[in-house]
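Letters A, B and C mark the chains as written, and numbering starts fresh at 1 in each.
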Amino acid sequence: MTLTDWTVVLPVALALGGTALCAVFWWRPVIQSAIGIVITLLMLVSAGVLVCTVATEGPQTMAMSGWPGPFGIVFAVDLLGAGLAFVTALVGLLILIYNFGDQSSDYRRVGYTPLLLAMLAGVSGAFLTGDIFNLYVWFEVLIIGSFGLLILGGKKAQLDGAIKYATLNLLATTFFLIATGLLYGLTGTLNMADLASKVAAVDNRALVNVVAALYLLAFGMKAAAFPLFFWLPASYHTPKPGVSAVFAGLLTKVGVYALYRVFTLIFPASDTIFADLLIWIAGATILAGGLGAIAQTDIRRLVAFTVVGGIGYMLVGLALQSPLALTGGLFYIFHSMLISTALFLAVGIAGRLGGSYDIAKLGGLYRARPAFAMMFLVVLFAVAGVPPFSGFWPKVVLVQASLAADAPWLAGVILVGGFLTLVAVARAFAAAFWDNGEEEPPRATHYGDRVGALMLPTLVIIGLSVLMGLAAEPVVQLAGQAAAGLSDPSAYIEAVLGGSE
Amino acid sequence: MNSLILRTVVPLLVSIMLVFSIFVLLRGHSLPGGGFIGGLIAASSLALYMIASGSQAVRKALVLHPMSIGGLGLLFAVFSGVPSYFSDVPYLTGLWYEPEFFHISLIATPVLFDLGVYLVVVGSITAIALALEEWH
Amino acid sequence: MEPILAVVVGILFAITVFLFLSRSYVRIILGIFLLSNATHLLIFTMGGLTLEVPPLIPPGATVPTEAIANPLPQALILTAIVISFALFAFLLVLTYRAYQALHTVDVDEMRDAEPLVEEDGA
């Protein structure tokens, strides 16, 4: 048990410890911010070590309290989980830096940093655990953190959005719990690696399908997949950008991760009746996101719909199940986690400069702030998947995979979805930056004193996106390695149950 | 609530309930009981005190902010897993150390964890109760 | 015993659906609370009902000496109860807060986050 072995639990333990420390200093927002930045840095380092270990030595596990799987709660990490935990820590760090730069007091409030860290603990825990009931508990931890963040500030629209968000997310986790209860009754185990073989041996296939359908419903709701996505554009735009950005970057991806985990390991989609259904859901989600984005006049709701569209591409990878498709889907998850965060941050800065989020009222930002306008344009291009940014390659891989799977219409949907997103963001850019508006008086276009901290997160993400786009080969290889671990989970199962045989 | 009877009885009741909550906390080491239930008893005693003497009296009696108490508890719980690193066993493994009191080793990581749970429950429930009381 | 509990769970689910169909948000959160209770009962039933003794191992032994009840469903339910208790408390406070701010609990009238687009001339 060296420190390297401990990196399996360190991201979660650090985030929980950070939450605790921030709560101890409850009335000291400045100390809390400092704690937050130190903790997320440590999380980033430990998750980075974890990624390196998993990439070279295969899946890592740690049995909590020394109770070995399948009896105790096991943390089991493959390349997918480790990579996602790494990006989670990165997003957390960048958000805290942005928060430091944004001096519009509202979310320098007491409570922001501890709630954010609690949410990061929940998200990392969900990515790292190997036990399905434990996954449920981490889901609840992250939604409690997100509820708190969502209503911070207490504006009318926030309370309204929070009610819809809270109701539907609670419903989703309750479905998750029902499915888990049924699954336990069927198999007598909750360890995901153990479930893989136990579920395959169950005779009552009808009940297995019911359980799988419940998981699809629960995680689909969390992931904002069609037709269960309406809560997302109803709530994500209501809080401050520093909160929206971390929601868009992390929360829906936890749902997608859970779908990937459950429908490759426990119910391989090819064994169930859900493979076709997933393809339809994926296609419909892409189109719903694209069409929804075009129809919006509030720039925050517009980008919320692009987040929905992004979920569709990830689901395409899962639905097709071929190693190539999974590679594309995983690459897209990593791309989308970073870019959605950057997008909401950039929108936040635009709203600060323009004094509104209505694209009709924003007009003329290009004249006032040309450098920022260029940065915004770059982020929008990255979202739409224009080369050389990172969104381009996963789409290419997914189109290739759809053609290989004999589903040319799906390839068409992917291309049309990309086109719709491009139209939506181009329209937003033209209206918000180029139009001169209606001869309005000059607006308050101050960044505040800490421009560096305000801009740094978005610039870092743009840099990473260009890097991932130009040097796509190693990323595709890593995603391919993670995808191989999903299509053939024997190494994962061996790592979890190997000791107890 | 302005009732002389309540204000006379409550201090006595609160002290008994707090002692009882610690008894339940320690009993949970080997018998039914534990940090969660003990914390709930302590939190309800504080809520009773709040009904009798008002929220300011509770804040004064607690000294620390309720969220700080909860945070301290979470910190204890997280740190109760750290000794297992030095004993070369997985995170949160239960470890018991000498000396024993009444044949029960009280210097142990599960005790620290339970104490953490106790404090988290006391802190968070009291924070919610105070927020509801003071909120108009 | 299991069939009876299964029917009870079914009835609870049915009441939940009825409550969800209401326009009043207060009824919807009551439905959520009932749904989580129904779920706990469902886990309890799925874990198998036995008339065995508590799962305690006597001093000196390393394995149970007689048939014991399955402790896991109760551990799961306890966890789920604590979580749903916390979330329900949060939802109640949120509803009260939203009622104060929005002056309504009718979900049709809660349009602050998504204002309806006014038609031209309306």
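Following the convention adopted for this analysis, a contact is a pair of C-beta atoms (placed from the backbone, for glycine too) under 8 Å apart; a residue touches a chain by one contact, two chains touch by 3 or more.
Because the structure is a prediction, the values reported are computed rather than measured.
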| item | value |
| --- | --- |
| Most centrally placed chain, judged by C-alpha centres | A |
| Selected pair, greater C-beta contact count between B-C and A-B | A-B |
| Approximate Å spacing (C-alpha centroids) for the pair chain B, chain C | 26 |
| Whole-Å gap separating chain A and chain B, where each centre is the average of the chain's CA atoms | 36 |
| Chain C residues touching chain A - in the complex, by the definition given at the top | 25, 28-29, 32, 35-36, 39, 42-43, 45-48, 72-73, 76, 79-80, 83, 86-87, 90-91, 94-95, 97-98, 101-102, 110-114 |
| Chain B partner contacts - residues on chain A that touch it in the complex | 1, 6, 9, 13, 16-17, 19-27, 62-66, 114 |
| Chain B to chain A touching residues, read off their complex | 65, 67-68, 70-75, 77-79, 81, 84-85, 88-94, 123 |
| Of chain A, residues touching chain C in the complex | 133, 137, 140, 143-144, 147, 151, 154, 156-164, 166-167, 170-171, 174, 177-178, 180-182, 184-185, 233-235, 237-238 |
| Chain C-facing residues of chain B, complex | 36, 128, 131-132 |
